[in-house]
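Next come two complexes, and both contain chain A; in the first it sits with chain B, in the second with chain C.
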Partner chain A sequence: MKPWIWGAAALIAAVVVPSFLDPAGYPIRVLTLTLLFAALGQAWNIVGGLANQISLGHAAFFGIGAYTSTILLIHFNLSPWIGMLAGAALAALAAYLLSFPTMKLRGHYFALATLAFSEVLRVVASSWTSVTGGPAGLSVPYAADSLALLQFKSTTPYYYIILGALVLICVVFLVIQKSALGYRLRAVKENPDAAEVIGVDTTRVKITAAVISAALTALLGTLYAQFTYFFDPEAVFGIVAISVRAAIIAILGGAGTLAGPLIGAFVIVPLEEFANAALSSRAAGLSQLVFGLMLIAIILVEPRGLLVLVSNGIARLRKGRKG
Partner chain B sequence: MAFLQAVIDGLMIGGVYAVISIGLTLVFGVMGIVNFAQAEFLTLGMFVAFFAWKYLGIDPLVGSLISFVLIFGLGVLVQMTIIQRVLNAPPVAQIFVTVGLLIVIENLSLIAFGSDFRSVTTSYQTSALRLGPLFISVPYLAAFCMSLLSGLALWLFTNKTWYGRAMRATAQDPMAAHLMGINADRMRQIAFGLGVGMTAFGGAVILPYFTVHPTVGHQFVVLMFTVVVLGGLGSVAGAVVGGLVVGVIQSVSTLFFPIQLQNLVLFLVFITVLAVRPTGLIGAAR
Partner chain C sequence: MSAPILQVDGITKRFGGLLALDNVSFEVAAGDIIGLIGPNGAGKSTLFSTLVGLHKPTSGSVRFAGADITGLKPHKVAARGLTKTFQNVALFMEATVLDNVLIGALLREGVAEARTTAMACLDRVGLAHIAGKTANDLSFPERARVEVARSLATRPKVLLLDEVMAALNHVEMEEIMALIRSLRDDGLTVVAVEHHMHAIMSLCERIVVLNFGRKIADGTPQDIAKDPEVVRAYLGREYA
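Coming up: the complex of A and B.
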């Protein structure tokens, strides 16, 4: 089958599925979260996968999105749709400014710098109580079901809005991948020095990708805030909760591929939710522990992700049958 | 006078930062790996010293030696079973293996010890030495002296013993070291063990004035990065100077900013150094 047939089939399934589920039930919540984190992984994939710039700080942009729209909503009664754009613009600006000191950095150094950036925003969010609510976090005021205010009692509308966001980010990813920018990013990934020599403006290429990725991540931050109605600094600026999760979702499935974050999210998010529901009362931290162990295991077994692992497995099976 | 007092406090705590961060820089120097889980070993070191105090009645300053030994052993094991396998892997694998380790250790301690805040009580906890108008807190001074001693011990080890020289040789050129009959894998195990052991030791000596809980490591992440980047990743001497500088910056900045924004000031230092001179401002870059 051609890849686009897979894509179309998955999309049709995604559109149809909610009609079989209870709109206030648990399964659709898990599915919605899965789509949200798939989208987050895909946004990370634009810098982490295509350019191989390992960001450990995407929570910075996610949190900027969540806080910007929510603060605008609380204080100025501004629609989250506009707040979302404001958050995306702010995140893009932050990514642009951050890129000046970090663009020359590679590998470990880049990861260090991005992680430190998001940590500092977390600390600012925890201490600037008058604006951010401090460690206690912020609640999104609920008035009534309203598309303009992006709030609903039922989960189904969120599901479709977040599905829309996921499709949007996947399309952006595909367009970048197939465009000149995508080829330049790949050149940067394979050999930055050689790319520079043949005339690729590597700094500009990386900044463009970083800004796009940051803006998309901020959109998701707003959607997350509207969906959960409540968040605190740890939930949106957390290293493990957001930054590491975004990266792992992409890496587990296969970084740099369109399908990677989708596969990663559909493995990790339901598993985590299931573990939380089944174990949390007995031992806090157990599902996170499993999460960490899975991460170590996938890196040691096949760092290129499940996609490669599965296709290698199939290839080996076929070979075995012939022989 | 408040300024001088802040500088003294900063130097005292900076000495501890130096020891904590030496571990990070040592591992990077020998293996080229940034251990993102480094701060978790500090948490473990604090827990070991806490339980040694609680059940055996051992003062944390002495218990720090137990912390060092146990976490050294754990580090050797981690190196043998996990880190060794990603030595030649791309950076993304190296980064996420230690990030995975961070998640595992943090949640294991959450499961094992619960999320309670724990602290020790010692006789010298609230006492201070008076030097004219200035005060030096005794637990700060004790932690500083212990850090000084451990730094000295590490220096003697790396410069005066065969193992230390072999370790440095491995850092410079693993292949050449191997040809000289040095077991490079063994040296990496020692380096990783020493690295996390020193950090655990640093965690234990601050126990008299610091509360321990499973996520206490978070508070030290940005700080450790700043110290090692300031001193040049991989440079032990740089980490010592970097630790003292960061301690003073942090302490003095509280005179001008709210205490919660200490990390912001550190981050600005960190990002500026990265932008201007990623090999570090102090110490010889390798």
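Coming up: the complex of A and C.
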């Protein structure tokens, strides 16, 4: 089957599925979160996959999105749709500024620097209580069901809005991949010196990707805040909750591919939800351990991710049948 | 002789305690094919890297097409029309041959036009038939040719070729030499590092010789072959 047929089939399924689910039930909640984290993985994929800059600090941008729109809503009654754009702009600016000190860093050093940046923001969010609510976090004021204020009692509208965001980010990813920027990112990823010598402005290429990725991540932060109604610094600026999860989802599925983060999210998020439901009372942190082990396993078996693993498996089956 | 397009003036490059280039000066006239030779470790590749901006010189300056380009980033140097190939081949290994070359062409045009340019450049080096292969699957001589095509795609005025004939057989070497001559006839200026002396002697109007980072000779192939210091440092008796 051609890739676009897969895409169309998945999209149709995603549009139809809620009509079979209880709009206030648990399954649609899990599904909505899955779509949200698939989108997060895809936004991460723009720097982590296309440029191979493994960021462990995407929570910074996610948190900026969540806090900006919520603070603007609480204090100025500004619609989260506008707050979302403000958050995206702030996150883009943050990514731009962060690019300068991290530009020359490769591998672990880049990962650690981005992680440190998001930790700084988490600490700020925990301490600046007058604005951020401190460690207790913020609640999104609920008035009534309203598209303009992006709030609904039922999960279904969030589901569709977040599905829309996922589609948007996937389209952005595809457009970048096929554009001059995508080619240049590949060059930077594979050989930055050679890329420079044949005319690629590697600095600019990396900054552009980082800024786009950060802005999209912030949009998702706003949607998360509106969807969950309540968040604290740990939930949106958390290393494990957001940064590591975004990276794992993309890497597990297949970094640098369109389908990778989608596959990763559909494996990880439901598993995590059910594992937490089943285990958390008895063994806090066990699910995180399981994910750590899964990640190590995938990196040892097939570092290019589940997508490659599965498609190689299918190819082998076909060969076996023919031969 | 036309006005020099490339002027290298007193370039010195230190790596810590190692003096890789020691006050090297020479000029390249537009339309020339210049050879750059010298023993292993003489500093030839370091000189190329410094000219294109991958290394900042410790001192000295580089003028290109009338402007000072010392310390410019490589992509700016490439945009002005000076680029190089890599001795150990630095292709984008997971990308196709076509995409490798296309990325070079993106310097001056959009993706669609770049694809056409890339095909033309591949055709020029005789590799159009393997455009769809992954760079990783190529033989070393093929990779070297893709490097040449990729740098041609940036539409350089001056091209620095770092041992593109290494590992080539005789026929392939003749093909590359014919290619270099035809590129020159189309207006390209070439500086080539090679260890194949027959090739360099027949290809170049002028040869610059480096030894331990110093320029020890600069002249016609005939002069170079007779130069006692060059013979002692590099050529041996064969050419004396």
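Definition applied: the second predicted complex is superposed on the first by the 316 of 323 C-alpha atoms of A that agree within 3 Å, B and C clash if a C-alpha of one lies under 4 Å from a C-alpha of the other, contacts with A are read in each partner's own complex, and residues count from 1 in each chain.
Methods note: a contact is a pair of C-beta atoms (placed from the backbone, for glycine too) under 8 Å apart; a residue touches a chain by one contact, two chains touch by 3 or more.
Everything numeric in this text was worked out from a predicted model, so none of it was measured.
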item: Dominant contact partner of chain A by residue count, chain C or chain B; value: B
item: Which of chain B and chain C A:H108 touches, first, second, both or neither; value: first
item: Touched partner set for A:F61, first chain B, second chain C, both or neither; value: neither
item: Contacts of A:L293 with chain B and chain C, given as first, second, both or neither; value: first
item: Partner chain in contact with A:P303 - chain B first, chain C second, else both or neither; value: first
item: Touching partner for A:D201 - first (chain B), second (chain C), both, neither; value: second
item: Which of chain B and chain C A:F237 touches, first, second, both or neither; value: neither
item: Chain B and chain C footprints on chain A, overlapping residues; value: none
item: Contact footprint of chain A on chain C as seen in their complex; value: 52-54, 73-75, 78-79, 83-84, 86, 90-95, 99, 102-104, 106-107, 110-111, 114, 150-151, 153-154
item: Chain A residues touching chain C - in the complex, by the definition given at the top; value: 178-180, 183-184, 186-187, 190-191, 193-203
item: Touching residues (chain side chain A, partner chain B) in the complex; value: 52, 54, 56, 100-102, 104-109, 111-113, 115-117, 119-120, 123-124, 126-127, 239-240, 244, 247-248, 251, 255, 283-286, 288-289, 291-293, 295-296, 299-300, 303
item: Chain A contact footprint on chain B (complex, rising order); value: 28, 32-34, 36, 82, 85-86, 89-97, 99-104, 106-108, 110-111, 115, 214, 218, 221-222, 225-226, 229, 233, 258, 260-261, 263-264, 267, 270-272, 274-275, 278
